[in-house]
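Structures given as structure tokens follow.
You will see chain A twice below: alongside chain B first, and alongside chain C after that.
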Partner chain A sequence: MEYLIDFMLILALVLGLACLGLRRVSQCVWAAALQGIVTGILLLIVHDEVEIGLIVVVASSIVVKGLLVPWFLTRTIKTGRVEVEVEPYIGFNLSLVIGGLAFGAALWLAIALTLPFEIESELIIPVSLATAFIGLLTIVSRRKAITQVAGFLILENGIFMFGLVLVAALPTLVEMGVLLDLFAAVFVMGVTIHNINRAFDHIDTSRLNQLHDKLPSRRWRMPRNGARQREAVQNDQADS
Partner chain B sequence: MTAGVSSISFVIAGFILAPLMIGIINKTKAFIGGRTGAPFLQLYFDLMKLLQKGGVYSVTTGWIFRGAPSVVLASVGVVLLLVPITTSGAVFSFNGDIFLFAGLLALARLAMILAAMDTGSAFEGMGASREAMISAISEPSLLLMWVALAVITGELSIAGMLGDGLNPAWTSASGPAIVLLLVALFLLMLAENARIPVDDPTTHLELTMIHEVMILDHSGPDLGFLTYAAALKLWIFAALLVNIVLSLYAGPLWAAALLFGVGMIATAVVIALVESTMARLRMIQVPELLTIAVGLSALSAAIAVGVR
Partner chain C sequence: MIVALLAVPLIGAVLAFVMPWERPQRAILVAAASAHLALVIASIIEPPGSLLDGWLRADDLGLYVLLITSVLFWVAAVYAVGYLQREASDPRSDWVDGGLFSNAPQGVFTGYLLLFLAAMTLVTVVHHLGLLWVGVEATTLTSAPLIYFHRHHRSLEATWKYLLVGSVGIALALLGTFFIAVSATSGDGTAVPMVLEDLIAAADSLDTTWLHAGFLFLLVGYGTKMGLAPLHTWLPDAHSEAPSLVSALMSGALLNTAFLGILRAYQIVGATGDSAFASQLLIAFGLISMFVATVFMLLQNDFKRILAYSSVEHMGIVALAVGIGGSASSGAMFHVMNHSLAKGLLFLIAGNALAFYRSTSVRGARGMLKVLPVSATLWLIGFLAITGTPPFGTFFSEFIVLQAIFESGRNVVAVAYLLMLALIFTAMTAVVLRMVQGTPLIATTSRVREPLSSVVPPALLAIGVLVSGFYLPPTIRTLMDNAAVLIEIGG
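Entry: the complex of A and B
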């Protein structure tokens, strides 16, 4: 059983790294969702005996993180007409390298960290720390609000995996509470993104400081990239 | 380490069967494309034909151009001697032969690049430049892969790493490291052998020219040598891949050898499937693919060191 846990942990780590390297917002969201499913299954196989409370937690976490949240986010992408490309501040390759270094640092930290009790797998701590870091990196290094939500999901997955260490001590109620928080947060973020998008025509977080009480004047409103390109094309056509 | 009869016969089988693997790939691609395709043994016929011809040499080329095909074939041939089949042991192996492996492949590449530059053709120079770029990124991946295997098995020779030591590692904490390694090795195999996501082996078109354009000016036996060396190189990388997968199986050697044959055919079919379903990547995206390979092997090495 232990090596199955290891495989799932590494799968979760690779999915997190994939989210740093993927080009499309929807792919990034699905990578985070798949990681949520993997962490849910991990919780199931870490436990020795299966009981009702466990099954409820696992099932609800898979449904929420693997189905509801990505469905909701893809819906926001569609209705908000979000452009497909991830716009990173830090390039894809560099992000991957930083993610890899983060895993190295997490391994070093895990070796330095002695636990008072035996845990199921030596990889739980480094992978969960690295996943949390990858989530933070995604949040700070991506321009679109949707990718930031995906980063938040990855961060939560990291915390969830760290909880596997305390598998005996962490009661079902706490897990359910965390899950509810997550769902509420993603819901709020989705609605907010939708509304920001409606009011401003873009969800570029680098320009959030232009948010004002009243709607910004025409002078403040910068057209989003796609609009600008379309304008350019129309001008070209007008010229020719 | 003494060379067993089995390891020598496996190497001879490699020398004989390597062109057949290319044949299987081409036949599968033709089948998927709805064509009849060239016969399985086409590359043998081509090699026969080329060896009977005379060479044509441009007056601008010198001894480098004439010597390079022999150097390439010799170094790739020696590399094949280092690769075992499951637990058979290699024909010769010593601690640190991983560097001989990487070094000989680099020597073959250097000879090819120099020969391409020697022709003075702008096309060949461009192909050489691209080959150098790709190998500069793929070699770290190869070496990191050897590091990971060395840490996992505690051995320093290729035959030792791919031998008995790998079987218990699958079910230990370093199991996922081996899986990551396999993915990295597959990407590396495609890149090193100029297969489709990186290079297109069927054309000399300007856009796809890496390997094919570098052998454009060679003719006769020289071209035969280079083509045969390319087939051997593909065999070597596929053999590494199949060996690592086969380390899951701990049975008698004859059964393992049989499975090895099946595995090589399966690898050829998988390569053909990749080539039939994917388009070649833009040149600017090739380093990104190889960065993924480097990242995966680095991750694998990190896990191997971390859980040791």
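Entry: the complex of A and C
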């Protein structure tokens, strides 16, 4: 059983890294969705006893993260005629290197932070923290709003995987609430993306830059320009 | 009783969503807000019992925040009646870039307002850390559509930033919640329930490393929502683009509920008796927020954005005060109330100014005293209140905090605190006086009629923040003191 858990964890990590390396927006969305399914299955494997509540959480998590969310996002990509390229701020190879380094850092962190109790697999904490970091990296290093939502999903998957160490402490009701909120968040984000696409004809968040503090820096420069102009005028007069 | 507190806004929201006519929608909004306020007052007089194994419980800290929320919501609801009446529903021209835009349907707007109230109520009455997270996330999701009421580019951009930054912040708070759950699990696999009272009772058995890591993540996560710098980036955009009554609610109510999330974690850390780490974090975040707010306020030309940065400043003051502890805790609680009243007042008046001048720039909104005399007077009162001028309540709360900082021996912090308050005073003076005085750029010969619904609600808030400086009803005073005791650590 432990090998299976480790295998699934590594699979989830690879899917997260894949999203950093994939060049098409829709591929990245599907990588995040598959990762969602993997984390759902992980929850089922980690539990010793299978109860009704657990099955409901696992099933709804797979349906929500693996089917509903990617279906909704790919539909937004299609109806919005979003260009397929991811367009990163940080290149694909560099992103992958950073992702790998993050896993290394997470391994070190997992050794430093000892858990007060036994868990199913030593890999849960490093993989979950690294996945959460990969999600954050995807959000900050990608221009397209859809890719950012995929990054948000990966971040949530990472946190969800961390929740695997807490099988005893977290009641089903809370897990359901978390899942419902996640879905609602992605849904609201999707609707907003749809609106952004309709209003701006793009979903490039680097071009969402109308709102900022209009600080009077230009006003400070003006006198200097004025002085220079006066100088120029005086020079002209002197020349003539 | 707790069920009724949650059910009233929820039922109101459903009714507002299905109601096809606009007039009854507004009636539902005010009726639900009034019923909610009545229920809150009733539960303060007669505290309701806990539900669901203590998951839902109305303690004094929660009730205090809930009271502020409910009062402000009621005022905003009354203001909304007139505001929505005057808002044309057909497409009109955008004053910034000239494009056409229309509003969201009013039923949707009122419905989300009530859902927002329900979500904030949930945050105040919930004592299970997991469910608390669900509530805070729900406040983000229900308030995002409110920012996008005016359907134009800028509000959409603000909504997206709010959603993404807020959701990422809250995701980190979930990780923090999980960390606390780890600290509550012992070696044999048994776990203390994630209910606040149980965690406080079992504080000695919690693993401090994980608890501190959990507090840090909760502070960063909920701090994003609360607007603590440097995590405040969504706040000026959202506050400046949302309709003014929504800005008033976000600033005066939403930020407090996010802060409540941090306070819950702080209560647990405090119970372990090893809270120096958490206190220092709060002090640091508080000072950074005040500093960032000062810098951006000094250079600000936009009167809604300066109010938004002022919220960052005041949340900084409150975080700083809670971190200092001792008598500053009661100062913090008092300040939360004063800030909500004063900021609600200012945002509602900013809405009046914006409706008349169609500009958020200070330069474009000159001569308020000539055209909007009542609003201009209230704007001045609000400015004096928010900058902590005596005899307003804010003066006393800021003074209590200052005294406590000196008592704790942190003289450098006290000097920085005073200096920043003084700089912010000058920044606000420049903005407010330039708006109140002068001649309006818009060619109007006479003053315009100011409808009662646009000046009476803010006037009520002005009276509130003025009276709180002299007198608080004994029930509210007890509630506030008890709330302060709950978060008072060290000193």
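By definition in this document, the second predicted complex is superposed on the first by the 210 of 240 C-alpha atoms of A that agree within 3 Å, B and C clash if a C-alpha of one lies under 4 Å from a C-alpha of the other, contacts with A are read in each partner's own complex, and residues count from 1 in each chain.
Basically, a contact is a pair of C-beta atoms (placed from the backbone, for glycine too) under 8 Å apart; a residue touches a chain by one contact, two chains touch by 3 or more.
Computed from a predicted structure; not experimentally measured.
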Looking at A:Ile159 after the superposition, I want to know if it touches chain B, chain C, both of them or none. Which is it: first, second, both, neither?
second
Regarding the shared-chain residue A:Ala102, is it in contact with chain B (first), chain C (second), both, or neither?
neither
Which holds for A:Phe117: it touches chain B only (first), chain C only (second), both, or neither?
second
Hey, is it chain B or chain C that touches more of chain A?
C
Tell me the contact category for A:Cys19 with respect to chain B and chain C: first, second, both or neither.
neither
Please output the residues of chain A touching chain C within their complex, sorted ascending.
113, 115-118, 132, 136, 139, 145, 148, 152, 155-156, 159, 162-163, 165-166, 168-171, 173-174, 177-178, 180-181, 184-185, 188-189, 192-193, 195-196, 199-200, 205, 208, 210-211, 213-216
Chain A-touching residues of chain C, taken from the complex the two chains share:
128, 130-131, 133-134, 137-138, 140-141, 144-145, 148, 151-154, 156-161, 163-164, 167-168, 171, 174-175, 178, 181-194, 207, 209-210, 213, 236-237, 240-241, 296, 299-302, 305
Flag every residue of chain A that touches chain B in the complex, lowest number first.
2-3, 6-7, 9-11, 13-14, 17, 21, 92-93, 96-97, 100, 103-104, 107, 110-111, 121-123, 126
With touch defined as at the start, can you tell me which chain B residues reach chain A in the complex?
170-173, 175-177, 179-180, 287-288, 291-292, 295-296, 298-299, 302-303, 305-307
